[in-house]
């Protein structure tokens, strides 16, 4: 490999993973608290820095300085490993998400794989190990229950998650996320096929399965990231804090960050698959396939991507403070009985549309 | 007797829950917007903003002992507050008022009167039970200290907080 | 301090005690009457003397002394006046009589209380108190000056003149 | 008896029937035994001592003599309460503690006719078998006590008292015992306690009925002066004959003492029930003062319930039932009881329209508050409380609901005390409120809310006002 | 119902009961489970009937007028009752056949309300500073029968307050409700008539004669019987509100009378002691001297709190198990007959029984206790100032307490006795030993509640619980077995003496499986013939007659029984 590739990749990793995602994690924690406060007619953290923006920093410092307490009864190796196992895969998945167009001949994606979604699912599934390990290694009943719940929940919803994007892949005929975005930029976003080919009968008809897919995908994403209304693994009314009950300090912070990172990546994927990634609507400022764009346009594209992601994160937060938590049996029923069936039917529906409507 | 609650029969679109969810989102969204635009303001910025001026008459802050117009201790150490206090925060040691004292007629006063403010739950039972109108929950709510000892209010401190209260019934006067 | 009881008085008292063959204690009232008659009032010494005489606890004598308005524990004036204040006499003007006597004899009754009902004139000549019904309601207002009974007292000057 | 002449200006009213008061204000009469014997004195004692005690008691019973002290209890029946087969000594006490305001009959008997009393007592003692008798005379009669002691000495010298009287082998000693100014000593058990040298706290009945457990826990008979005097006259007339005077069940003569707002207050011995209130006030006492109207009458000493002048009373039973006004009330025990009051000790206090009812009630309450012995709770606390309330009413410092409190206090005393003093002190208040509530309330003011009074006191006490 | 001729049928609140002839109405009601409120009435004193609180409605069978037929009795033989319009006092009236009593109903209720209101009219409302608050009849009955609000707008009567009437008693005349219980007690029971009423009416004032003192040794009983806070104890004044205190029923150990008492304590401190009724032992009374002799228990300065072991002539603090181990190690060295024990007649039967066990374990030469004699006081105090001499006779088998102590002294001097165990006694202060005497010993062990000269001389000192800190049984002068109950915990490592002896026996090699005083009592009851068949529960709070000692009842009790027989009091 040449030095250029290495340099470019490193810069992209640093730029994207460490300068965008991680701050975004911190900021989304802040946003979560501020938004929840606003929804509940409160103020929220507003003391540290302007609008409390430095609250995230303060939290970080606090996590770092707190006593890192390891209970005596835990399996220490696994116990220590678990937080890393949740944090790392979440961050890893960002490698294949295109966060911008082809700026100055450099694709704004860390690794331009042709199996993007598969890679994401494969890696993201690993986070469940972290949670299961945390639950089991804690050697304590609530974390254990949390871990068990987490496992079955993740496995259940991973199926729906996978099935829900099959129609998209069928439509796009593509697994490269960069090209999927490019396609949407030209022919209308998956759920907003309002320009290009999207405006054809086929495109509009396809919007129906895509919309169903979108709902299943989003919902499953909530379940996958253990967000409310599906946060049963850490459901505090029943399990104190679920799998991370026994964790404190930075180890707890890693779970915490992992959750938010997963949420961001999930949002990124959703944006990429359904909302046209970095593209602007109606084909504005859309480069041709492989066309280099200038720095200015490139920055706009990056900005658009993050704006969409942030919007999606806000939606996550909004949902969290609007809906009550599911009961565990409801959760399982929803996953296996409804979403699984609907997703399967959706695939068939898409196939039918693709086959019948030319 | 068991009460049977009839479940509402849901229409098919209601069974989807999506409209319900949307409705919920609208509600929370409205709150969000309202708060964000400052149309609605509930929370107060303590300590820059304080509600002291608007504290209700019956606000239950730190309990304190009061004296009357003539600097007389109203408390006669009957120990009813000690008895009623749910968290047992009050400890009183009564003593006899020496006969040469101006208020010797009352005979009894607290030798020591301690309220452990770490224990105090501001329930106001002491005020309610006091037959002498000697203990009141003041509007002080910022009770802080850097040690446990400091958080125990002794008699001196309690009178300091309480101050003088006028216009109360004088039970121990010359006529009675 | 013991009471100086003249032998004659003591003899008289001893005679009185024989009127009560069953219980000496019964003689408390007569003994106190004699002592009050002689000394003008019942002092603590008189109480103790009586108690010793009748073999009682002094408190049992004091109980009796303080019960009866007829016994005085403070010295009266040379002449002790008792004015009836009960209904018939009051209707006949005994309150006015009291005022008039007080005024003419120079007695200030403002300090009179339940425990100390007797007011003495400045010169110590007269003392006065209100008495409850003297049982001569048809001839009110009435008063007793020492042991002398006066009915329909109208002329206070004439009354006081008799006692100089 | 046509030869009896009375002092000028003190002649009895023609409607009077003098027996006990025969010698009161009599011309040429003095207290000496010689005078008494010359008038036929001590003959009845001689007569009685020839009878058996039971015969005497039967005579008294036949006569229907009712006690003249206040309660009107038949004397013969009282004597009959002495336990049979009694081995303890029996005492007789003459209750000369005349303290009921409005009553002043005993004073004249004792001061002017002491031997009559001694003779009556001698007869009674013989009947009940008492060898030791006391005359409990009130302290306010110092002269009376001296007169009685002298009379006893004389009777002793003549052999009417002492050992082996008149050769019958009957011994009797009578001693005079002076009280010390306590109304409660008029109550028989209070009197007994006083005579024992204790505080005159009335005893509880049961078990301390004087006839069974009286003086020194021995059987004791306590009778009023007038009652004991009547015994002599019953001996003289014979029980049967005596009972024909007066009215059935209200036999004999009795002395009515009238005081208050009449022209000529005084004492009148009349046959019981033969004189009405109107006759007593208008004829015998010369009526009310000029231009005055009758407001109220207290017919039997201050503890009797008051009668309002414009009331009407229902008396009689069945066919005899009739409605009368105050002037037509015959002065006997039963009628006055039917009118809601009592004949009591015969002290009639007349109140005319110049008097303030609050003032009258306050005066009476003052008396009872002063005289309450303080033994039992209701009377001890209640009598002073009532006085304090009426004090304020008179001063115009009471509110209308104070009158209700006053009434409630009185009713809390009535019937709940050890002795009859409770009733004596509460009846005036109860009856005055019953009959003159409008007038009492008129003396109060809505402004004097209790709260206000208290608040003023608080401030005053705290030195702030 | 009334089959026996001396039983009388009485209807109380609509229910027929039978009572012996001569029962007072108030007692009949009490036995029927109806409390009639009262102040002046006290079963041990004469009844003046002056408080008027016990007014009830009474009814009798109607008396037929001449010519009328008597009323028909119903199937139970009861005739309908005609109720009297006026109330009567229940305390002084005795029941009569077919009498009816109503303790409820309008008349009784209005009477009670009325009397309560009047009673409170001049009573100062100073409950907050009144020691009686919490056990005050006036408070109790005003809750039940009071109006809740005063109509009294006048100035209350002023009377002396805070009067020193005696060395141990304070009088507040304004609180006095003139029930005269105290006067009657001093007249009738204490034979020291120093109290009386002065003045009259509402101004009636309880007083002692100026210059006299109410200093009878029984004066504090007036505080107990005072239904209000007029008489209060100087010792207990303002010390503690009664509702905070724990009550423990136990017995007094100051003399062989074994007065039944209640110990009032809070947080391990004893605040006061009051007598408890037991008509076989002390009636309702107890002497002041005994009542007030508890203060040393609270005084931690004088108490032994931790075991001490003497090393090189100096006492060193030790752990309890350490001290026991050391003691047993020393004791094992002696031959038979070289060890003596002095136990105490202040020990319980259980402890004495354990002493017997220890004796056989150690092969002890001699065992004795210290005798304490004093003067009897013609009331309740016995001349034997040890509480359990009868127990020493019965359980320990020492028939003549203290007789062999002189011999012991000699044996110590001659070296015959090398080791001495002094249990719950102080030989130097109480038995005429000197420190020199004890110096001859090779080993001396004492257990005692307080520091004392004998302990100074001892090699091992163990803190032994005092009477208020232990449980057990004692036998009083008249042979009555009574229970002693633990009122407070001993300070520090203080243990009950039976525990100390048990641990010593165990350490010396004799296991015994004893875990509580009741365990010992079980063995005691099985082994000592006098106790045969008794269980801990059989003894009860009032004790049970165990043996005949031939001793007479205390004089006060004899007098009281005579008064009961004469009908003067209820008893």
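Chains here go by letter, A, B, C, D and E, matching the order in which they are written, and residues are numbered from 1 within each.
Basically, a residue touches a chain if its C-beta (ideal position, glycine included) is under 8 Å from a C-beta of that chain, and two chains touch if they have at least 3 such contacts.
No experiment lies behind these values; they were computed from the predicted model shown.
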Least step count from chain B to chain C, where 1 means the two chains touch: 2
Selected interface, B-E versus C-D, where C-beta contact pairs are more numerous: C-D
Most distant chain from chain B, judged by the mean position of its C-alpha atoms: D
Chain located farthest away, centre of chain E as origin (C-alpha): A
Computed distance of Cα centres, chain E from chain A, in Å: 81
Interchain centroid distance [CA atoms averaged], chain A/chain D, Å: 112
Between chain A and chain B, centroid-to-centroid distance (C-alpha), Å: 48
Centre distance in Å when chain B and chain D are each reduced to the mean of their C-alpha atoms: 67
Chain A: positions in contact with at least two other chains: none
Multi-chain contact residues (two or more partners), chain E: 155, 197, 199-200, 203
Numbers and ranges of chain C residues touching at least 2 other chains: 60, 63, 67
In the complex with chain C, residue positions of chain E that touch it: 193-200, 203, 207-210, 212
Touching residues (chain side chain A, partner chain B) in the complex: 35, 37-43, 215, 318-319, 321-323
Touching residues (chain side chain B, partner chain A) in the complex: 18, 21, 24-25, 27-29, 31-32, 34-36, 40, 42-43, 45
Chain E partner contacts - residues on chain C that touch it in the complex: 44, 47, 57-60, 62-63, 66-67, 114-115
Interface residues, chain D side, partner chain C - complex: 89, 98-104, 106-107, 132, 138-143, 175, 177-183, 194-200, 215-216, 257-261, 265-267, 302, 347, 349, 351, 355, 360, 363-364, 366-367, 370-371, 373
